[in-house]
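Shared between the two complexes below is chain A, which has chain B as its partner in the first and chain C in the second.
On to the complex of A and B.
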């Protein structure tokens, strides 16, 4: 570290948070492993600072360090942490407690787990005020006020409830209420919307934005989602392997990313309606280094397309790109010339053949629970042609996964539903299907950890799949197994490993290979990339596209990430409360979205371009399928609600243009006209 | 909630019925007829026949089973073959004795076990944790009659502090009864402490690692409040359920302790009925122990679902 870099930011007043050369290590099996390698950053008052990076790069460690809440085996080895000018590391336990009570709070992922399951919401929020010295009654009063501030519509009844009785989005509002209760000067948000539905995510982000203005709180916003950062923050830092590699104003960093890692991150996200036939997604080669691994001077060298000898020898200083925008790369000026990691050209779009492989007509599924009939799917219709991708979107509870399970025969549809493979009705249960049919219809699950038997080696997992689906044995099977591993780019040398020894991306490759073992005609992909980091996601998406081009397989692709769905899909189906709301070619469904529900879904997603669209707020939460609203099931939340006709009459799924169906009383022209103006706010 | 209770009661009745069939036909499998076993090999055949007739054991097994079961429903558990007194007059006083011992043991071991477990969890990996965990587990592995002998040797014979039998002289007051029961109860405490402490420790550790505990700490609550309000409330739920199921064992399964301390509990009654081939007593006593087990588990489940808001509201919805 010979070159002394200019300070990343100039802050006039005492910053809300200041980390200086922070070095944190975890002791694992007796050895100290470095997680943060000298992180320096500072967040000014009222500033929102975004910290991005893939899992394992130290984002959360930085957040917990700022609260001095490290796990038992974690220790600050070097550097300093100042919150509001106070030195956190020299404080006594009790002073730290006081600081947490008054000056810094945190909101993190999985809000339902963050609340105590056996204490009423009201008591949990009131506790903060009681701690600050309020009487019990006064504390409850203030808790209720705070709940209304986070836009909980019925705070009185929510006060009396338990966390499990509320949805994830509601619980996150409660956690936010609790965090802001003492009007802290710093609020740390660690992936606060990961795992929430796009519509709910949009609402929670809006809420944070509003409250931030009201409470004048600084934010440290940690997320892997670049879109969220661009919506929420003014400045951002990119963390890689425990080191801050780039920092600057958000717009600057997105416009002119000047570190190869940032460039890789930006390139591997499907954005702005990019489609598989136009552009292959870029990936970041290699893997994130293991915790505490020996790294070259520039931590990114091993994965960098621009790396030269100097990168191994000399740590790059923080080079100033523009005012306040710095990059820790020797070649920051030509970082944008970073070669693409994936050379394969995009696959030109072929018009799919006409005869559908799979057809579904009037598919219904009713669950019976404690005497209630819950209709999870109602009259779903679609056809899937050879080699095409049908994207399936909708909020959680819309029936996406139910449909997936039903197609592959894990649960049977109601009597009278027609699901035909090549014109032959499929049995409801996979056990009653012919082997050819089972081979033809396979699935890739969201979580490869639970989908792969952890006691079996990869060789055994794939071998069994081959034997079960194709009936092959011996040398012939071995040959096929090698081909299969090769086709999903799985290194054959790792074939003896067990799932636990592989990374998430590799495990998902195995899961895909398993699905492709029997040369399937259709593969159902149920959120196959949502548990993966963005760079890994890009590689998996590329793989799926490539396999489709080679094998003419059709995908039913389920995802809550609209960017991913648009990238991959030829046609898109939109599901709401088990009903198909819209079905049509990807560009006619989303460019621009017209159906009111699709419009609302689309507008909820923050984009990395930072172009803010008019947000269309959906009122309330998705209603329970046990008692769906009358008429059009979407009428309770519809931003384009017409009037009584929506309450009394369920619209038919009708063809508004060739191949484009939807369920709405409005016609396409009417909606196009209406969408020139944002929808009126509507109470229910 | 009523649905849940009704369901559990129904299942309980089925279990009891199966138990009655098992114990009844199990005793019938033993070779030879009942009167011959009672009167011995030298009795005349006519005396044997007469006794069989008197006992009803000359009827078919199904009729005998029916007589027994229908008797129970009328509150008549039958007559003891060995003492010719009614089974109820033997079984119920013994049951009450057993209950007294069990209650005393419970009152001592539950708070101790929970306290030990929580202390161990809060000091996870340190000396206190090791001491409680290893000590508790070692105490559990020693059979209860070994503890009984050891305690009698130390406290009754060597120190002379406590009586070596458990049965207080007739007419003793409450405190002297307790005094007599302390040693057998202590044996049970040794046996159960490790078990309860282990459960409480596991639950507390899980709860300490939970996200909601992190929330509580980050709120700035003092450590004591975090533990008391946020950790214990969740960690002790499974412990309570497990502890309550032990009630069945404490009441029905203490043959060895009752023998060592010469205590007239249900365990002794079972043991004596078995050795004396007193089947009416044996059958009814087993059935009653079964009832105790079932009631204990049912209460445990109820307590668990009442304390756990997640279950309470799901069934109410």
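On to the complex of A and C.
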């Protein structure tokens, strides 16, 4: 067992991972279907390589292949895989196991599922060392060391706990600790931060960056998030339909993307403070081809705005754009002229009326659990005007979804809370609301898979909603149904399909259509695009903007993606531990002066532009709502902590500028002055 | 595992005008049909399922055409020929009253194949209803009904069956009801577990958000989604029902004489085994065993396909 650095000669010559002409197929329903089409890439020692592409492009397959851990129906048809110079495909099972134990490790997306729920953290981490031949005591000792290296502040107590007692971010640190325990030469990270909050994501990424330096490990970083790639990696590859379409140094690729697919991906993301009334988001037309489908010579032809006859006939070579930057496009030199797929933003019918449609005053919600009262929402106040979008942001556990469920009547608020629709108090439970009130307030859920009944056809799903909400039947209903499908750009010919037959984007369109069936006044959108790929997300966001312009509906838009919220929202509300910390116009909330919590949230988001911002590190985890901190609930993590006043006195939500509210002891002027410089690191 | 695992062929492909992202062309062939066809193909490829189906089919044929197939009248007594050993004229021998055992085994399939499925069907219906209600409401309803279910489950099936049959008097109808009542809690539990998963999906919330009434949510929205477990549970319980009925008949509380029921035949003759008259006991016992095994194989096959 040697944990020492490899010999210097090897460092120079052998890449940590080398895939050559790798072709992988899955056998589905008796037919071999190609997933990876001749992928060639190599990751040098100490290099971080990012692999991007939408889901279904073969990213994870590439990762599994690199571990020779394909599902049972998967097979490497062609090509070679070398890890640290060793040919993986010619190894015996035993040798592969040895290799996984010593040279390659993997970190998966869902840390809670990656850990065994019934084994204590300490034992799980120690197992890695014990397998490598350490005695039990020694293994535990080293496990503890490793846990402190991943910046777990109290490793001794963490080792005694079970995975469910730790937060997602903590669990991911443990998984990373286990992956690095053997000091591997290659670490594969498959969407390691996708399920985590922005603040936690930022921390985990920082940690990976630090550890990378310390362990001299090469990284294969798989993600759909371009921002993460630009922050973490030196080189990147773009995968489309199992083919590497572009590769190069990260800065180069972002600066001068030279494949239409890469350009499309970059344009899909709401960036740089672009807003819905200024610009529509670009999308990539069409769909990812089905697995095993016959593809034209250039795999992207069918979705490409630049495609010509040659693209069908002749496979483009890997053109050299600059040194080390290659693009598999015949027209790589003019790829940047790719026409936009979407037009100008829709013009809203008229400016929003002043009287609010929905008003919430002193909304509280307390859950009772085993004798503990958990206050999920405390004195939430806001008003929603017609045709307006109010963005709602905050970490998980801040009460966003509780608020959404409460507004639509799936759970009742505490006594004394006031929720008014057009000035009339709404009953707590949807069962007690009038039909007009029910149809006025609808929701689009996060996950269309579970929001649509999988046994019903789209026709039945939408038809039933129309019948129940508008009371229409027969031919009249059919007519409305067609209009409804048309308004969300859902092809009427697919109306007989069931949800499982549709792509994620189409399913979400159906869910949106259902919400709009009764001509609602307010639609709550609970992370409606977070389960979707970026290009689909862009199309859905465009649709929401268009529907809003046509129908003057107001949105309460919940998202953890600040870029999306910023793009869509007129005003933004920031929740922390069930309390409204800041509320104001979208333009003002994201620029100083801003509430210290908003400041930290904003700084945690990695951007695709790659502009390095000073990240404000929030200390520790979000406290439990069962015992919120005294005084200002944010004082335990606040980067702008003043002193005892924060501990003892809870600040009121007050108007600091016209239309801009926050809950902080500082005044607007004070924070404006302070936020010119990043805060001093506190307790880090 | 990989994102390719499932939705293959399910997402709809389309090339389309670049102006509008994501509207689709070709309507796909109904996926529901494809899934059904695929399940059938999987079932037919499962050796377990085929073996079970063959055994069950054999007994169903016996149950329907028993009197035509049977070489002799199964009810015709002939004391002169009592307790003859298997021979070419009576392949399985004769019983104490001189009746042909082979004919009685063949015809005996009928009673049990009527009583057991009926009892199981009734139990499945009641269990599904109970499971839907307890799983959906939780809270007080669930706690109350749940305790009752636990209480029934705590008592051995045969004891409950015997006591109720003694109280109600043995008859085929009573047997059906007793078995149905005894099996209901078990099925209710399985369905409840499935409903607990379903109710947290947002399609249930969406139904509430268009003012659907609870019965519609239970039977219209949730029930179709738990039919898989219900079907599996039905086949599994069917095997147990056959076994239980045979047991009750053996104890004299099930199907009543002179019906040529298998359990009853064993009951009437097991005392004679020590005297060397093994045939009137062995053949009905083998019949019971083969039917139970057949149904269980079938259930295994089905659950493998549905619970993938």
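The working rule: the second predicted complex is superposed on the first by the 661 of 684 C-alpha atoms of A that agree within 3 Å, B and C clash if a C-alpha of one lies under 4 Å from a C-alpha of the other, contacts with A are read in each partner's own complex, and residues count from 1 in each chain.
Everything below uses one rule, namely that a residue touches a chain if its C-beta (ideal position, glycine included) is under 8 Å from a C-beta of that chain, and two chains touch if they have at least 3 such contacts.
Note that this is a predicted model, so its numbers are computed, not measured.
Touch criterion met: A:114 reaches chain B, while chain C stays clear of it.
When the shared chain is aligned, chain B comes close enough to touch A:178, but chain C does not.
Of the two partner chains placed by the overlay, only chain C lies in contact with A:539; chain B stays clear of it. In the superposition on chain A, A:274 makes contact with neither chain B nor chain C. In the superposition on chain A, A:98 makes contact with chain B only, not with chain C.
When both complexes are overlaid on chain A, the residue A:291 reaches chain C alone and has no touch with chain B. In the superposition on chain A, the chain among chain B and chain C reaching more residues of chain A is C. When the shared chain is aligned, chain B comes close enough to touch A:106, but chain C does not. When the two complexes are overlaid on their common chain A, residue A:56 makes contact with chain C while staying clear of chain B.
Judged by the touch definition given at the top, the superposed model places A:127 against chain B, while chain C stays out of reach.
Residues of chain A touching chain C in their complex: 26, 28-29, 33, 35, 55-56, 60-61, 64, 71, 74, 283-293, 302-303, 305, 339, 341-343, 408-410, 430-431, 435, 438-439, 442-443, 445, 447, 450-456, 464-465, 468-469, 489-491, 493-494, 496-498, 500-503, 505-506, 509, 514, 517-518, 535-536, 538-539, 542.
Contact residues on chain B toward chain A in their complex (touch as defined above): 210-212, 214-222, 229-230, 233-234, 237, 307-310, 313.
Of all the residues in chain A, the ones that touch chain B in their complex are 67, 69, 97-102, 105-106, 108, 110, 113-119, 127-128, 131, 162, 164-165, 175, 178, 182. Across the complex, chain A is touched by residues 1-5, 7-28, 30-32, 38, 201-203, 205-206, 208-212, 221, 224-225 of chain C.
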